[in-house]
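In this document, chain identifiers A, B and C correspond to the written order of the chains, with residue numbering beginning at 1 in each.
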Amino acid sequence: MNQRNAISVGRWTRLSAISTGCALALVVALAFVPVALSANTTDRLTTLFIYVILAAMWNALAGYAGLASVGQQAFFGLGAYATIRLAQQGVNVYAALVLGALLAGAVAVPMSMLMLRLRGGEFAIGMWVVAEVCFGLVILDKSVGGLTGTSLIALNKYNADDQRAYNYWMALGAAVVLLVLLFVLLRSRTGASLQAIRDDEEAAASVGVRVLAGKGVIFVLAGVGCAMAGSLWLATSITFQPKSYFGVEWTAYMIFMALAGGLGTFEGPIIGAIVFFVIQEQFGDSGVWYLVGLGAAAVGFALLLPQGLWGAVEGRFGIQLFPVGYRLRGLDSTATRAPSETYAES
Amino acid sequence: MTLLAVEGLDARHGYLRAVRDITLDVSEGETLAIVGANGAGKTTLLRAIAGAHKPSAGRISFDGAEITTVSPHRRVKLGIALVPEGRRLFTGMTVEENLLVARRRGRPGPWNVESVLEVFPLLAPRRKARAANLSGGEQQATAIGRALMTNPRLLLLDEASLGLAPAVVDGVYRSLRTLIEGGATIVLVEQDLTRALSVATRVVCLLEGQIVVDGPAKEMTRERIVEAYFGLRRTRGQEGAPA
Amino acid sequence: MIWVNQIVQGVLLGGYYAVLACGLSLMFGVMRIINLAHGGLAVLGAFFVFVLSKHGLSPWVACAVVLPAMGVAGWALQRGILERSLRAGPLTPLLATFGLLIVLENLLFERFGADERSLFPYIGTLGYDSWTISSDIIAAKLYVLIFVVAVVLLGGLHLFLARTPLGRSMRATAEDRDTAELVGVNSRAVYGVAAAIALSTAALAGAFLGMRSSFGPYSGSQELLFAFEAVVIGGLGSLWGTLAGGIVLGVSQNVGAQLDPQWFLLAGHVVFLAVLMTRVLLVGLGARGGIRIALGRQA
């Protein structure tokens, strides 16, 4: 084919270059929110960032490593738990937040050696059992008040405004760092391995992809991320009631966000978190009906729009805002359309 | 009379067009042999006829009625039975159970466990053996017997000789001849040209998803088929065009 | 002797777990779906029986009504949601059934509130009658009844799968859906029957749960974990294994509770993880589908 010479493989398109640039500018702008905008807005955005982290982490596990975990609340709770214990030992509370998250996330390393040998539903429920075990162990610890829990009183060293600002910046920082880590990971060789694993694990293994290692990296990252989210949630709500941190409803939220946004896309979880945040704001007070709606929506997305909102956009228009994949340049427009519409001539 | 009519059939595996615009008829009582290299589209074609593979274009009619969207188990009721490539027996079940599963929704007719065991006497002592413990020949016999239990009007055989010792294949083809003499309509996919020509009344050769040769077996020479099989007659620039 | 009593209690509890888990096991063995809503459906059945009992029906008569109704619901669930989710991808059934669980739990909460309910008041003396085997060992008649029902149920399923034409079709479909269709088996109908059986038995388990103790709208999650643990300990896809797994789970929980009452749940979870770890290290898990009727025989 004489077209071959003109074809090249690249990562960036004009759109993705522009949007990445905009995203960076946005992050810089967001840093000024605590000083520029109201306390209420600051609080709400902090919550949004935590949702983004949770959505991105669950999506990384399920969408990129093919591991649907119904037990990430284990890390969410452990992150908060570790933070409280560290603060109780006298560690500076904001350092405790990060350290606690890292320690809790580190638990993912030994955990991965067992859990990653499981597949599908076994892994999903296995993680749920692990979460229950973590919960069961934590409530045995009297120093965090058992079932009744306790509070992160060490935060009281700081006045309310400072707390708000620090929480905000920590949340923003954590979200950015985790997203950047994910971005780098997905663009790296590991990222390509993960896509291969997701598509066909055996075929990937047969060409030398180290399946367990690839999944392991994502599993640990997701553990650290969810633990960080738990620590941050503790910072914003101050109280630690184990039952609400280790509850499976956190998985429900994560599933909803990941599905609504688009499983396996980079932009999807962000969209999903925003959608979830808006729904929370609007209906969070409607009691359980809102959970019913969330569950029904998750079912609906799973069956009718499995690629999620962003996935549908990406599929339709072939655009990516952040360049995690590869693109062929130099082919005519028909060749870059969605797979279902064309077929490759040998 | 025409039992099976395939018109303009297209079948894909993801991007790949395995079957391209195939049109062919099978008359009642005919024995059609489909030959071609690996990947030529033979199995896909058979599976599409049996309903296990959804075509992306074209029509399939059986006994005058269109069946393109009919599900596989309903096609069995209509009288189409496929002996899949690789036998695909239910390994957890015995020979007898394998046969009985097919009988459940089968059509009325002469085939039942006893008559199948008559045609395949090698199975009689293995009746209660688990399918996983059978030899290759026994497995093939069971697979064919299982298809027969549905009392089909059209029997599709995909690579019945694959992986079997020649002596065993002899046995399989002996049973096939019995069926043919009984008036069965058979479409068989076969890699072994000699075997195929020995039972077929008509031969079709597929190359890259298209029919390149279609004619009575009597008029076929090995040379003609071999040419078509390997696409030797095609000229450059005519990639994909029939010979 | 206290320990012997705990073991006896654990075995009897295993009977309950077997009833609870056999539907989950069947669904996984036949369809390769792990129904995360299974526990929630059991609780739904329990609430149905509860409502009918409050209106004067004996719980047993209520079961006679609820079980077939749940069977029909199972058929509908399969045709409506599960069939579609099977086609969409390996993760989809998990996500869809989890969403279903959330919907169920919260609808039940909306209708019945957070209170725990029980069928204990409606079963007369069966609620507290027992046989005294020795000074330390007591077997409650209800628990024994549940165990007997479990054995009968599993036996019935065994015979169904082994001897009946529909059961054969189900085993064939479980092993190879594609080929089963090619020999005339209507696989969607078979799946529907499997789902119907699964939900019926789940409802029965729910009724038993209500008779043994109590249940609330959010009990489904807990029951699912028990069911899953019983199935996995006994071996995925093995029917009688579900009883064995249930017994191991029940015994672990009771023995653990004897050491410290707070350890009831934890003991079960820990034993489950230990079994999982051992199996992974020894065999290398590859969850194969298919229904095994005898322990240790691969379908």
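Note that in this section a residue touches a chain if its C-beta (ideal position, glycine included) is under 8 Å from a C-beta of that chain, and two chains touch if they have at least 3 such contacts.
Predicted model only: the values in this text are computed from it and were never measured.
A.B. asks: Can you figure out the chain closest to the middle, judged by Cα centres?
C.D. replies: If one averages C-alpha positions chain by chain, the most central is C.
A.B. asks: With contacts defined as at the top, give the pair, A-C or B-C, that has more of them.
C.D. replies: Comparing A-C with B-C, the pair joined by more C-beta contacts is A-C.
A.B. asks: In angstrom, rounded to a whole number, how far apart do the mean CA points of chain A and chain B lie?
C.D. replies: 51
A.B. asks: Let me have the rounded angstrom distance from the C-alpha centre of chain A over to the C-alpha centre of chain C, please.
C.D. replies: Here the centre of chain C sits 33 Å away from the centre of chain A.
A.B. asks: In whole angstrom, how far does the Cα centroid of chain B sit from the Cα centroid of chain C?
C.D. replies: Whole-Å distance between the two chain centres: 43.
A.B. asks: Touching two or more other chains, which residues of chain B qualify?
C.D. replies: none
A.B. asks: Please give the residue numbers of chain C that touch chain A in the complex, ascending.
C.D. replies: For chain C paired with chain A, touching residues are 28, 33-34, 36, 81, 84-85, 88-96, 98-103, 106-107, 109-110, 221, 224-225, 228-229, 232, 236, 262, 265-266, 269-270, 272-273, 276-277, 280, 284-287.
A.B. asks: Within the complex, which stretch of chain B touches chain C?
C.D. replies: Touching chain C: residues 50-52, 71-73, 76-77, 81-82, 84, 88, 90-93, 97, 100-102, 104-106, 146-147, 149-150 of chain B.
A.B. asks: Under the touch definition given earlier, write down the residues of chain C that touch chain B in their complex.
C.D. replies: Checking each residue of chain C against chain B gives 165, 168-169, 171-172, 175-176, 178-187, 290, 292, 298-299.
A.B. asks: Which positions of chain A touch chain C when the two form their complex?
C.D. replies: Residues 62, 66, 68, 70, 114, 117-122, 124-126, 128-130, 132-133, 136-137, 140, 248-249, 251-252, 255, 259, 263, 287-289, 291-292, 294-299, 302-303, 306 of chain A touch chain C in their complex.
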